[in-house]
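Presented below are the structures under discussion, each in the form of C-alpha cells.
You will see chain A twice below: alongside chain B first, and alongside chain C after that.
Then we have the complex of A and B:
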C-alpha cells in the first residue's frame, strides 16, 4: 500500500489581504511532502468547510493577520463538526496576540503559530498530530 | 470517519470524498470499492481541458461548469496540478479560480497531484472520474496540469478534449503542434483580449489542414475566460462533438479502447509488482545487480532467467 499523503487546506478566512504568510506555509508544507490545497484570499467560513469536505483533507490551516481570528477560527471548527469532520486537525497562524491563544485552543484550534515561527515547527506539529 | 458504500449510494459528498482518498492512496478495500461501482459508470459525459500553464484552463472550467449548471446538469471537476518530484508534495491551486462553485451542492471539485505520473494526469485520475460518474454527476471535467507537448494522457480518459491556446506565444505553436494540437476535439483561443488571435487562428487552421482529413473538423472558438465571454460557443462546440461521437459510433470505439488500455496497464502493473516483490524479497535482485555490475553476466541473460523462472 502506498503511503497516505497528508492533505492540507490552507485557507484565508474573512477580508484579510495578507497572503505572504499563507503562501510561505503552503510552500513549506509542499516541500515537506504534503499536498496543499490553496483556495486564495477572502474565503467565507462556509467555503472553507465545503472545500475541506470535498477535498477530504486531514488538516485545515487558517491564516489571519487582520484580527478577526476570535470569531472566524471557532466558526470554522464548528462548521467542520457539523459536517461530521471531527477528525480534521485545525491549526492557525498569523498576527494573533498571546492572550487570545488559550481561548482559541479551547474552541478546538489545536495550535497557533505567530510571526517568526520557523516553518519546521509547523511541519513537525502536523506530522505528530494527524 | 468510517466509510460506507451505503452512504456513497445515498449521495453523501463526505462518502464520495473519502472514497476518492481511499482509492487514490490504494488503502485497504479500494479494489472492493472500484468493483462495486464499476457497473454504474459510463453514464457521465467526460470532458478534458488541457493547454499550456496559465492558459486559463481553470478560469474556463469555472465558466463552463456554471453554464452546464444552468442547463440543469450536475458537474464534477477533477483538477490536476504537478507533484514536486523532489519532495512528493504539491500545491494544488486550481480551486482559486473556482471559488464561486464551492457552495453549489450540484458541483463536486477535487484537486489531485500528479504523484509521479508524467502524462499530465495522475495514475488515479481515471478512478476518481469513475467514482464521480457512479455517484451520479452528469458532466465531469478533467483539468490537466499545464502541458507542453507530450503530456497527452487526457485523450485516453476523456470523451472530448478541449485544448486551450493563447495568442501571443509566437512561434511556440510550432513546438506544441506535435502533441496537444493533435488531441484537440475542440479548440479555444483564450485571452482574446490580447493581440494575435487572428494569427493564431490561421496557424491552427493550417496545422489542422496538414493532418489527415477526418469526418470531424475541430471547431476553433474564442474566449475571454476571466470576463465570461465566448463560453456558450465552447459549450456548443463540445455538444456538437458529443453528438458526432454518438452518431458516428466513435464514442463506443473510444470507450472500448479505454477499457483495453486500462486493462493492459492493470495487468502490467500487477505483473511487474509481483515480479519485483518476488526478486527483491528473496534478495536475488541485489545479487543480480552486483553480478551484472561486475560484468560476470549481462542484463539480458539475467532478465531472461528471472522472468523465465516466474512464468514457467
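Then we have the complex of A and C:
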C-alpha cells in the first residue's frame, strides 16, 4: 500500500507541559507526508488509546519529559493491546535516561528518541517499521 | 562631515572584505553585520536612551551601584521527591554559599492534585517536590529561618495555596508575613501559551492573581507577587525579541486586570518581577536584558502613568537555557552554562539559576549542582564581569541590538494590542503559533547544519551512557501517599469540611478576596488537592487551544 499515507498520533501522556519536541516532531512528520494528529497536553492513557483507535493510526508517538515514562509508556502499549491494536507501532521520546531504554523496549515501545535526535531519524524509523 | 568620511571608509572596507568572505559563505548568512560603527547609532541620545544606572529608563540597570554593593542572588532551582529529601538539598545549597532558595514542585502539586489522586500516578516527586498539605511545607523548611532567606516558588495555577502554606509555616516559626521575602511565579498567561501547567479558565485565574496582588500589598509587602516569565516562552522555541514581546504583553494584561479590579498602579507595580532566559548568543542576550528594562520603564511611565520609580524598574531572575543543554558530551554543558550566566551578569540580573551539566538526561546530581553554583561564584569573584555596571553599554553593536530588540518587541506588542491584548492573542492561538514557527525553524536550521550545536551535529563522538544519574523511584510516591493518609487521619476533619465549604461560597462571589479564605484552609490542613478541587468545581477547567 505504497500510496496510503501513514497515520500518526503524537501524544502527551501525563501532566508534563513540555510540548516543543512533540510539536516539532509532529510538524516534521507532516512535512514528510504523514497524516498527523496531535492530542494536546495532559492525556490519560485511556484518552490516548481511544484516540489511536478512533483515528485508526499506524503509529503512536509518545513524548514525555517529566520522568513518568516508565509508568506511562508501558501502560499505553498495554491499553492498545487490550483493544486489539497489536500492530500499532509505539515509539517514544523525551528526557529519558539510557538506562531506562531497555526496559521500555521490553515493554513494547519499539524505539526511544532522546534529545538531539534529528527528525529525519524518526521519519526513517517510522517508514521502515510501518 | 565626519560621518561622510566614515561612510566612505566603510564602503571601501566592505569592498575589501568581499574576497575574503567569499571563502566562508556560511558566515556571510549571519543575521548581524560584521562590524558596527557610530553610523548604526545615528541620532542616539545618551541621556534619553540609557541614563545612569538606577536612573530612568534603567537601560543600564535598576540599581545605581549594581554588583559593586551586592552580587546577584545565587538562587539554585531545586526540589525532588519528598519534602524530607528536598530540605536536605536546600540546606546543602545554603551551606555552600547559595544565597536564596528556589523551590521546584512536582507536576501534581503544580496542577492541584494530591499524591493519592489517580492523575498523579507516575509523576509524584519527579520534576520537583510533592506538597500535599501544610505538613509537607513544615518539613520542607525545617531548620531554615524564613526571616533570613528569600524563597522563590515556581508555582502558578496553585500559587495562592502554596503562598498561603508558606505564610502559615512562617507563622509557626514566629515570623510575621510582613517580614517574608520571596517570589511566586503566579504567571498563568505563559502557562496557557508555553508551559502547560494551567488549571482554571482565564477569568478566575486572573481573579486569583489580582487577589494575591491585593492581599500581598497589604500583608506581605516585601513579596514579589508575580514573576512574569519569558523563560518558558523561550524554552518553547521563541526568538529573543519574541521572548521580550510576549512576556511584556502578558505583563500589560496583568496590570490591566489589576487596574480593572480597582487597584492603583503604584500600589502593586513595584512588586511585579520578571524571569528571563539566558540563551546561547551572549551579546544578543545582553542586549535583550537591556532592551526589556527600557521597554518596561517606558510602558509603565508613558502608558500607565506610574509615578513611583519602583513601578518602572524591571527587576528579573534569570535561568540559563535548559533547552540548549545537550545529552551528548554533557560536560560541554558546563561551558555553555558559564557563557549564558556571564550574559545574565553583563545584562544586570537580580538573581540567577545556573543549570547543571546532566539536565538533558535527568534531574541533577549534587556534584553537578555544585559545579553549577561554583560557576556563578567564579563569575562573581574571579572574572571581573561584576566589577563595572553595564560593562557593554556604549558598544556600537550592543546598543544597536538593544535598539533592534526593543523595536521588534514593540511591533509585536502593538499587534497584540490590536488583537485585544495578550489574553485574546493566546485564546486565538496566535502567540503559540509564533513560538512554534520559531521552534521549527531552529530545529530545521540545526538539521541542515546551518546552525552548529557542538557534539550534536558537529564534532560528535562515540559515548558511553552517563552513569550515576539522579533517580526518583516509586518509593517516594508511596511514602508521600502514606504521609498524606496520616495527616488526613490526624487532622480535625469537621474543621476541614467547614473551611472548604467557606471556600466554595467565597469562590462563587467574585467580590471576595480568596487569599484569607485559602489561608484558613491550609491552617486547618486541608490538602492542596481538596482546595483546588473546590475551586475546580466552582471555576471549571481551562480548555486549551491546540495548535500545530
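Just so it is clear, the second predicted complex is superposed on the first by the 128 of 130 C-alpha atoms of A that agree within 3 Å, B and C clash if a C-alpha of one lies under 4 Å from a C-alpha of the other, contacts with A are read in each partner's own complex, and residues count from 1 in each chain.
Assume contacts are C-beta pairs under 8 Å (C-beta built on N, C-alpha and C of every residue); 3 or more make two chains touch, one makes a residue touch a chain.
Keep in mind it's a predicted model, so treat the numbers as computed, not measured.
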### chain B versus chain C as contact partner of A:5, first or second or both or neither
first
### Partner chain(s) touched by A:40 [first = chain B, second = chain C, both, neither]
both
### Query
When the two structures are overlaid on chain A, which partner does A:85 contact: first (chain B), second (chain C), both, or neither?
first
### Task
Please work out whether A:14 is in contact with chain B alone, chain C alone, both, or neither, and reply first, second, both or neither.
second
### Message
Just to be sure I read the superposition right, which of the two partners does A:120 touch: chain B = first, chain C = second, or both, or neither?
### Response
second
### Query
Which of the two partners, first being chain B and second being chain C, lies in contact with A:56: first, second, both, or neither?
first
### Task
Could you tell me if A:27 is touching chain B, chain C, both of them or neither one (first, second, both, neither)?
both
### Query
Residues on chain A in contact with chain B in one complex and with chain C in the other?
26-27, 30, 36, 38-40
### chain C-touching residues of chain A, taken from the complex the two chains share
14-20, 23-24, 26-28, 30, 36, 38-42, 44, 66-68, 70-72, 95, 97-99, 114-116, 118-120
### Residues of chain B touching chain A in the complex
1, 13-14, 17-18, 20-21, 25-28, 83-84, 86-93, 95-96, 99, 102-103, 108-111, 113, 115
### Message
Could you list, by residue number, the parts of chain C that touch chain A in their complex?
### Response
107-108, 110-111, 113, 119-123, 126-127, 191, 195-197, 235-237, 323, 325-328, 360-363, 436, 439-440, 443, 446-447, 453, 456-457, 465-466, 469, 471-472, 474, 544, 546, 548
### Task
Provide the residue numbers of chain A that touch chain B in the complex, in ascending order.
1-5, 7, 26-27, 29-40, 43, 46-47, 50-51, 53-56, 83-87
